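Shared between the two complexes below is chain A, which pairs with chain B and chain C, respectively.
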Partner chain A sequence: MATDASRRPNSLFRNLNAKIASIPMIFTALVVFVGGTIWTVVYSFTNSRLLPRLNFVGLDQYERLWTTPRWIASIQNLLIYGTLSLIFSLLIGFLLAALLDQKIRFENTFRTIILYPFALSFIVTGLVWQWLLNPDFGVQHFVRSLGWETFTFNPLYDQSIVIYGILIAGLWQGTGLVMCLMLAGLRGIDEDIWKAARVDGIPMWKTYLFIVIPMMRPVFVTTLVIIASGIVRIYDLVVAQTSGGPGFASEVPAKYVYDYMFSAQNLGQGFAASTMMLLTVMIVVVPWAYLEFGGRNKRG
Partner chain B sequence: MADVRAAAVGQADPVVAGLVEPSGPRPRRALSRRNIVIYGTLLLFSVYYLMPLYVMIVTSLKGMPEIRFGNVFAPPVEITFEPWVKAWSTACTGLNCDGLSRGFWNSVRITVPSVIISILIASVNGYALANWRFKGANIFFTILIVGAFIPYQVMIYPIVIILREMGVYGTLTGLVIVHTIFGMPINTLLFRNYFASVPEELFKAARVDGAGFWAIYFRIMLPMSLPIFVVSMIIQVTGIWNDFLFGVVYTRPETYPMTVQLNNIVNSVQGVKEYNVNMAATLLTGLVPLVIYFISGKLFVRGIAAGAVKG
Partner chain C sequence: MRLRFLAAALASVSFTSLASATDLEVTHWWTSGGEAAAVAEFAKAFDATGNKWVDGAIAGGGNTARPVFISRITGGDPMGATQFNHGRQAEELVEAGLMRDFTELAEKEGWKNFIRPVSLLDGCTKDGKIYCVPINIHSWQWLWLSHKAFEDAGVPVPKNWDEFVAAAPALEKAGKTPLAIGGQPWQRTGVFNVLIPAIAGKDVFLKVYQDKDETVAAGPEIAKVFKAADDARRMAAKSNVQDWNQATNLVITGQAGGQIMGDWAQGEFQVAGQVAGKDYSCLPGLGVNELISVGGDAFYFPIMKDEAKAKAQEALASVMLSPATQVAFNLKKGSVPVRGDVDLAAANDCMKKGLDILAKDNTIPDPPRLNTEDTNNQLNDLFVAFFATPSMTPEEAQKRYAEIIANAD
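Up next is the complex of A and B:
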């Protein structure tokens, strides 16, 4: 090891091994994440089609994007799916976590059952629910065979409700994760708080609503950010379950991007659409990152 | 005596009893209303979560006539493993009819090197960040973590160009690089936090004894951190095995991973739909992460809690 005196002149070589070892990280951070993002944003202002070309056309791609019915449908679907998915996964996830937190028996068994879908891919999830929601063989057929002949539950072939069919599958796959995070949050609450509330005679639901949930604010915020950034990415589930159909009733932005980049060979449109996706995520993540990391200084 | 004492106690603190009673712990019977509500709700949800798995299994064990005339929830009358054999070895995607086995082996060839390389790189990154912090290291780390939230769609095409320039676009090597890149934020975070919790005296003692960067990593940190390697491995194996987007973008049809091939088999428009074969294929694809999930148990949960940032 060099002495202090010889270290100062060439600070580049200080800690050299650590720097060499971090090259992959630096490459990923600077070239792929920052560089790639800037590259895509820049090229979204060009009229690239089959190959990327620096032929700037201003906001043309965005204008076309927001006048394309398929994109509008994607955004609407994302809004519906996103809002409902957030509400229900938080509600169900918290409810399940609260139930599991009652010092019950078989806690591990229940947790294993609730969480296992999260281990499965969206492709598997989509295909199972495609089969379950199949009108001729699945749930609808089953209920009809029980004697309720007019029962209709056919989300995958009905344009107006197809997004709810995807929501059911998405919730099946994702609520386990929320439950897990919420349970960790609940376990982090001091037992004394419960005791104090009990001594004061506060009913349980009130304790949850006015004491425990406000205390779990950071857990809720983190969970919210995780679910939200996952929702914006939703792609494989739709591809597997409906391929965006019927028509384009279940299109989502990520699928729009993929199709324009790799099938329609209209790169500029794909870049513009993906930039809009980036914007959506930033609306969620930036305020969170600011609150989480900006307010306090470094955490370590 | 006992009765007297009980009566005395009951009389002695009516105030306290009055205060505590509404919410205080009562002696619980197995079938109290509270328990019925708790277990009832949990059982109901369990049915919802288990139903798809159950339906997958029974469907994959039925013959097509039974599927056509029965209902999805009925257990198979005549158990047949033919759909499984067919899904594995002869199911068709387009012109190829060699079943899911090819996708399975592709996925193995993708997952094994991706997991090893990405974990090695991430652990060294985390180690450098925790113990050998150099100027600017934290800036790169912050970019890395924030980058984990950028939608993949934004970076997909620039990566195509990078891989093409490197001459590995469309090959397994290219896909391994992509998985290494996108697994880096979460795993680096995981390792950084773990190594940061290792007592610093240990590290300093090794420094005093003259051990350098790599010696400390291989001789001290690595042997100490097996649990976190297992957690990281669980995250990576399930994540990479379940990946669809990168597989479809960065490989060619002959090297498609299992998920992509599965989707092509099930959603192919040609031919008669064989639902039993489809479900067998779906189960086969889900089997690897499921086995990992059931074996790893608590560690999987830990991986999720730690890896929640991945989103």
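Up next is the complex of A and C:
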């Protein structure tokens, strides 16, 4: 009897040290993240201006949000930037990793060079690319000075393509990290798999596409989460590069939230916008998490 | 022995710093050449009272600075005094009881008797109590013209907006930007708000901004204003500067024909050593409708627990309103003093024009006094898009404009 009890203690006190150690983090997560989120959602239904006030106005803030041209433009920009940034950073990152994986000389040097932009903040990245893309000092000026007088490349000053100018800077900064994650994933693939594939006479690209990539699934999931969270909260890059201009052609949701909360002294509107951002993320994340983790439980 | 000596020295140091001046941090967004020169006058006068002015300038204009001020005040780290445009910008801070009530001092010094026009003090008053110190009168309705630019283009300096629009092609041919507008959102909205009373008149302006009448905002009078804004957009198409003083600089150097900007631009002309009437002209109300808005800057004083600092706040408030400081500050700033009883013999041509109009009481309230920051921001969004998108028609813009006015409170 006694031995039985000592073998199966109360589950609450199992690993007590670890549980005590994680209390601060649990507390932070509950109060700061969950609590703050609930607070924001609640106040998004009020007409709070400079200071939060509990004066409920129903869905007014949301109605106004979705009739505001600037918000619509922000969402469109986020969709364009998000989709392309996801595709290109995964594609370029994987290609670079696969190239580095060919046992080339000076691999360390190349890896460092490619990862280096990631060490810069978005503000610095934004400023550097603002200059590079400035028609009077940057790429356009350089090519014209080489003799191509009519060469035009000024994405930051053209409303229809300004978001691609920002995409270039975002990719330059973020691809290095994706490459490193991918390279780590590639190195995690057992050498024997490659040998087996070679013995079977499978060409290299097929090995990558049908054997290695499916095996790297966890790495892809991690990378996806990192890239996606970076996309949704994009703010500083836009501020540094264009401040949302020309017009509001490069506005993004996070900037709308900031501007309305602080500059326009309209907390309710800012909260409504940030709740919409949260909702967008949930729509993507919840079904995916359900498939990913819900499925595993059933298998387990 | 040496240690004791050191301790004594330290003690005496800390003692003197305790006994001497109270440091008071004053935050504002005055960073251009003329503005900095003006604010230095305040600092000088305040230091002369035995206190110490700690300058907290925030670059980037009011839209950048105000969020910083507000988060410091609401976050429990208030500065000694801070600039706002008087009107609705600090409305809620006052309602929340975060700002100091200066009624007592105002009555003792008789602010009501010398502050002109009276409406300025009304802008600081909430429920019969005075919460801010108006320090200058600024008006937006000025068109600044560069004589050099028009000479180079071979056309006479225009006398009003229509002549200016007509002269634009000649300026362009001479390689000038006809109209300089900085890229910051408030400058674009400002231009439009100046065009309303100039083109459509005072009544329309009041109906739209005071009564928030959406049928007027969607009506033919405002449509005319949008037509004029369309002209302005074409004339400013090649203007690619950001800050207002950079745009003013284009006018000073004759690279641009003109700029629509408030009378604070005058400070820049002065710093550059230009003479009104000889190097540049100013047309109040764009030369069409001679009226000016009465707005400007005011200082608000957050409530501070420290007794000594509260005392210093009072000293600062009375120093800012003293006749000598008012004249010194406003001459540098290019604005008009809030006191009706000071000598302005040193005022230049443009300032005299302004004083004249003020004496005739041809005034309108400043939009920030009528609109909340929320409405102003929405207008900013609209005009930033309008001025940057040549394909956006005046009709489309007016539709959105009427929507904003309809939703404003």
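Rule of thumb we're sticking to: the second predicted complex is superposed on the first by the 258 of 300 C-alpha atoms of A that agree within 3 Å, B and C clash if a C-alpha of one lies under 4 Å from a C-alpha of the other, contacts with A are read in each partner's own complex, and residues count from 1 in each chain.
Going forward, a residue touches a chain if its C-beta (ideal position, glycine included) is under 8 Å from a C-beta of that chain, and two chains touch if they have at least 3 such contacts.
Not measured: the values here are computed from a predicted model.
Chemist: With the two complexes superposed on chain A, say which partner A:Y260 touches: chain B (first), chain C (second), both, or neither.
Modeler: second
Chemist: Regarding the shared-chain residue A:Q159, is it in contact with chain B (first), chain C (second), both, or neither?
Modeler: second
Chemist: In the superposed arrangement, does A:R64 touch chain B (first), chain C (second), both or neither?
Modeler: second
Chemist: Going by the contact rule stated at the top, is it chain B or chain C that touches a larger number of residues on chain A?
Modeler: B
Chemist: Looking at A:L54 after the superposition, I want to know if it touches chain B, chain C, both of them or none. Which is it: first, second, both, neither?
Modeler: In the superposed model, A:L54 contacts neither chain B nor chain C.
Chemist: Would you sort A:A21 into first (chain B), second (chain C), both or neither based on which partner it touches?
Modeler: In the superposed model, A:A21 contacts chain B only, not chain C.
Chemist: After superposition on the shared chain, which partner residues are touched by A:P246: those of chain B (first), chain C (second), both, or neither?
Modeler: A:P246 sits against chain C, while chain B stays out of touch.
Chemist: Based on the superposed arrangement, let me know which partner A:T40 touches: chain B (first), chain C (second), both, or neither?
Modeler: Once the two structures are laid over each other on A, A:T40 reaches chain B alone.
Chemist: Identify the residues of chain A that lie in both the chain B contact region and the chain C contact region.
Modeler: Touching chain B in the first complex and chain C in the second, residues 262 of chain A appear in both lists.
Chemist: Give every residue of chain C touching chain A within the complex, in rising order.
Modeler: 63, 66-67, 70-71, 74, 89, 91-93, 96, 183, 372-374, 376-378, 381, 384-389, 400, 403, 407
Chemist: Touching chain B in the complex: which residues of chain A?
Modeler: Listed in rising order, the residues are 11, 14-15, 17-19, 21-22, 24-26, 28-37, 39-40, 43, 52, 92, 95-96, 99-100, 102, 104, 108, 110-124, 127-132, 134, 137-139, 141-142, 145, 172, 176-177, 180-181, 184, 197-199, 201-204, 222-223, 225-226, 229-230, 232-233, 235-236, 239-240, 243, 253-254, 257-258, 261-262, 267, 270-271, 273-275, 277-278, 281, 285, 289, 293, 298, 300.
Chemist: Which of the residues in chain B end up touching chain A in this complex?
Modeler: It is residues 19-20, 22-24, 38-39, 41-42, 45-46, 48-53, 55-56, 59, 67-68, 71-73, 121, 124-125, 127-129, 132-135, 137-138, 140-144, 146-147, 149-159, 161-162, 180-181, 184, 188, 196, 212-214, 238, 241-245, 249, 259, 262-263, 266-267, 275, 278-279, 282, 285-286, 289-290, 292-294, 297, 300-301, 304-305, 308-309, 311 of chain B that touch chain A.
Chemist: Using the touch rule from the top, collect the residues of chain A that touch chain C in their complex.
Modeler: Residues 49-51, 64, 67-70, 159, 245-249, 259-260, 262-266, 269 of chain A touch chain C in their complex.
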